[in-house]
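Here it is, the structure, as structure tokens.
Labels run A, B and C following the written order; every chain starts at residue 1.
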Amino acid sequence: MTPEDIQKPVSRRRFAGLLGLASASAAGAVLTTGAGRASLSANAEEAMAGMSDSDHTATTSTASTGGTAEMTADEMDAMHEAGIKSFPAPTSGLGGQPLEYELVDGVKVFKLTCDPVSWEYAPGQFADAFAYNGVVPGPEIRVTEGDTIRVLVTNNLPQSTAVHFHGLVVPNAMDGVPFITQPPIKPGETFTYEFPIRDGNAGSHMYHSHHNSTEQVTKGLLGSFVVEPKDPSTRPPFDVEYTMVLNDGAIGGYSLNGKSFPATQPISVKLGQRLLIRFLNEGQMIHPMHLHGMPMTVIAEDGYLLERPYKRDTVMVEPGARYEAIVEATEPGTWAFHCHVLSHAEGQKGMFGMVTVLIVNE
Amino acid sequence: MTPEDIQKPVSRRRFAGLLGLASASAAGAVLTTGAGRASLSANAEEAMAGMSDSDHTATTSTASTGGTAEMTADEMDAMHEAGIKSFPAPTSGLGGQPLEYELVDGVKVFKLTCDPVSWEYAPGQFADAFAYNGVVPGPEIRVTEGDTIRVLVTNNLPQSTAVHFHGLVVPNAMDGVPFITQPPIKPGETFTYEFPIRDGNAGSHMYHSHHNSTEQVTKGLLGSFVVEPKDPSTRPPFDVEYTMVLNDGAIGGYSLNGKSFPATQPISVKLGQRLLIRFLNEGQMIHPMHLHGMPMTVIAEDGYLLERPYKRDTVMVEPGARYEAIVEATEPGTWAFHCHVLSHAEGQKGMFGMVTVLIVNE
Amino acid sequence: MTPEDIQKPVSRRRFAGLLGLASASAAGAVLTTGAGRASLSANAEEAMAGMSDSDHTATTSTASTGGTAEMTADEMDAMHEAGIKSFPAPTSGLGGQPLEYELVDGVKVFKLTCDPVSWEYAPGQFADAFAYNGVVPGPEIRVTEGDTIRVLVTNNLPQSTAVHFHGLVVPNAMDGVPFITQPPIKPGETFTYEFPIRDGNAGSHMYHSHHNSTEQVTKGLLGSFVVEPKDPSTRPPFDVEYTMVLNDGAIGGYSLNGKSFPATQPISVKLGQRLLIRFLNEGQMIHPMHLHGMPMTVIAEDGYLLERPYKRDTVMVEPGARYEAIVEATEPGTWAFHCHVLSHAEGQKGMFGMVTVLIVNE
């Protein structure tokens, strides 16, 4: 985007990815250029370098970028500008899209495969991932209280695996912990999870590997699991929603929905709409997500509605946690939205990692 | 435990350690084998390696285990299984047990010694610890609002020390900060703390060193300090309770009550009981503790009752903080219970560190 | 301070720095000695060493100080004592003082310059900083709901910059994000921010760089921004207040208001007063701030009043967040007040970093 673009913010649908990234980009944003790619690559490398040293330490991050201190202000600005102009930068693959199911005798049947894939988390940047149905995060599973669901998990990985439905109250045998509640799903095997969705279990949850999890989850075996309330009036109303999976692992380093800026997706709403954001942290660090422009009202934690919602402009999401927050889109414009551990979001060469924008269209 | 064991979960009392670990293990769990020990050792070493590199970075953790990537799925599974089968693995020493007191003229008199010890935090794994009364964590001090207590602290360490009663409202001279509220307790000296337990100070608190504390606390000079309410009806009722001291220091790396999985203690309740969990973080990192199977209702923070308790499946406990949570044991079975910073709980060779289970017996 | 001093705690005004540090020190504290300086230097170096290794890892911190393990208890105690006796140690420069404004046609006009400076964060310890008006943190901007303000920012740095008013609801063009809401402020340029302070935006906020922010903010381009309520009765009453900016960056390592212990400022109140503490985290790590002696009641988060305030003795402040807490000064004496990530506050050679005291005078 250019500074001028903010006067005519682009209109994007939630599932922009389904429309194809080229058309999404054509809707108003400037496509990435060679320079933009180079910039992002440099930023991504810097982010990785920072992570392998010491993740929370500003001193180290600054020191590690000492070599760029001789950039002129104009050179630095040009790299920052190129990164932002390339946003949203096209990459192959988009995770977190709704998973189709088949209704069999009243049971919603979902199918997941676990595969090794090469995942493009930023333009031209690929990582060796483990993915559900080929995407990171895995497709979003969305059901309703009272449903009975069946999830067939086929393991095409070189390792065994298992799926834990994090946040859901399930029978013990369906809990997904090898050698405690089930045998591991060996390579080539398919395991069937089946359980009812309990009343009272509405909200934002997750599914992810619970076997060799430090490696498997950070490599991409994770996804959002949303339970709709049987009676929608039991939860605060909203007009549009956005699920944001936070990660800081092997795939994409610091990422939002499996992508690093400028390959992240912008969020777009109309002035006056109520936006529900579902934050899920599948990583290993805290991420205080800061939305510019207007506050967020936290209405639920780990899916459970709060008796007293509270307002924040920065919502800290810890590993394993989910926060649901409502944004009243009262302020028109394009607003930065990023992790406030600054080394997760910006380096000397520009923004990277856990950065996106909220566009409020008039 | 084997997968079959989950159908007939073991019955264990809260103070299982007092009964001797052999009998506890005999109650239903398979004792550790040579293979189990080897597995744990490898995991512990991996955990330590991860800590000395960079604690929150999944990338690093994964990278540091790269050498094991050539394991077959079966080999990996065998190591995971051996670790779980060996749980709860016997080790020498059990901290956190109730500290006896002597009643002298209406004053409850407790005695603590500070000693260098070799602490077995996992089977066959020993660390040079500093311990209160020879155990890590130190024995649990338990008093009631309105009591007057005296704590005699004898320092047998090569360093001076002092005790801070974290969370208790005490006279300034009893606050335990050398050169601000008292002289340090020199090696060989005994210092006497004496103060009343104030009304309104009920809840879960801590005691620990406040001298050279980064070293002394991480080496083990820490313990839980529980204040019972004078009127039990002022706090939510519960049937059983469990104090869980979190640590990530020199002793045992990532540990629960001074032990690393599989040497941690399982928690056992009967279906329908209300379990109170007291989380205390004596470490230097956040630990979001995730209980599988059923939510936790947080009723108090730092000992202070919340006007509006809230439900979580993952309770983040930060350094210095205490959270009290009630679990309604509604779901039978053996449920994993672990830190959701995954690198604190599992590696390629199996679970380690901050992992235990909640067993809900029918 | 000596142990005896706690019986006659010093009286200090909030803006003690305005009076000059020499007089403040003369009011009751013992001035630093040569030995005290040496002690602090050693501590500061140790803190820095710890940060560049791995910030949250006790193991590393302890290991890195292994070379001092041969100190005798007396030698160690002497270093601890010297550090505390030197508190509050004089240094040049004091940030966070009120920024004067000029009233022009009903608009409050503030002026900020961005300059490279050498900042003395601890006695004899200097860092190459970027500073607003020459101080770290920058001067405190204090306005009232309903005001219209103008902030002229002149950039004397070798890099471009921009100012984000974190927590304030502003027009998009005033949001301070280069290439999204404005062009960067090039070296030598002045940019003018102007916006109304909205009703409902009272509370503790921040301003800081939003360009190359990981470097610029950690180097010192940050400050507090307090919005007073138009109607003071809308917020809980207090007698005295103290703004505490937390940081863990290039400037001073672990610091409170730009200074490391023993160069931090003590907070002084009278018995019975209500103290409002505004915690602001401008760093990249969590800091659970532990006040000894009496609890804090958290009344607002990110400026927004809580419907249900809650009590804590340890308030965790995450990056980008602000917490407002009331302390009822019911307990006389000098109380330690520090980050409970112990490696941010104490090493084998004594206290350093994020440590100060609350003095409750009878």
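Going forward, a contact is a pair of C-beta atoms (placed from the backbone, for glycine too) under 8 Å apart; a residue touches a chain by one contact, two chains touch by 3 or more.
Note that this is a predicted model, so its numbers are computed, not measured.
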Note the rotational component of the Cα superposition from chain B to chain C, reported as an angle of 0 to 180 degrees in steps of 5. 120
Could the interface between the copies chain A and chain B be described as same, meaning over half of its residue numbers are common to both, or is it different? different
Rounded to the nearest Å, the gap separating the Cα centres of chain A and chain B is 33
Which residues belonging to chain C are in contact with no fewer than two other chains? 54, 56, 286, 308
Complex interface listing, chain A residues touching chain B: 48, 51-56, 158-160, 164, 166-167, 169-173, 175, 177-184, 186-187, 210-215, 217-219, 248-250, 253, 283-286, 301-304, 306-308, 318-321
Given the complex, residues on chain B that touch chain A span 1-3, 6, 54, 56-63, 65, 73-74, 76-77, 80-81, 84-85, 286, 288, 290, 292-295, 308, 310-314, 316, 331-336, 340-343, 345-348, 357
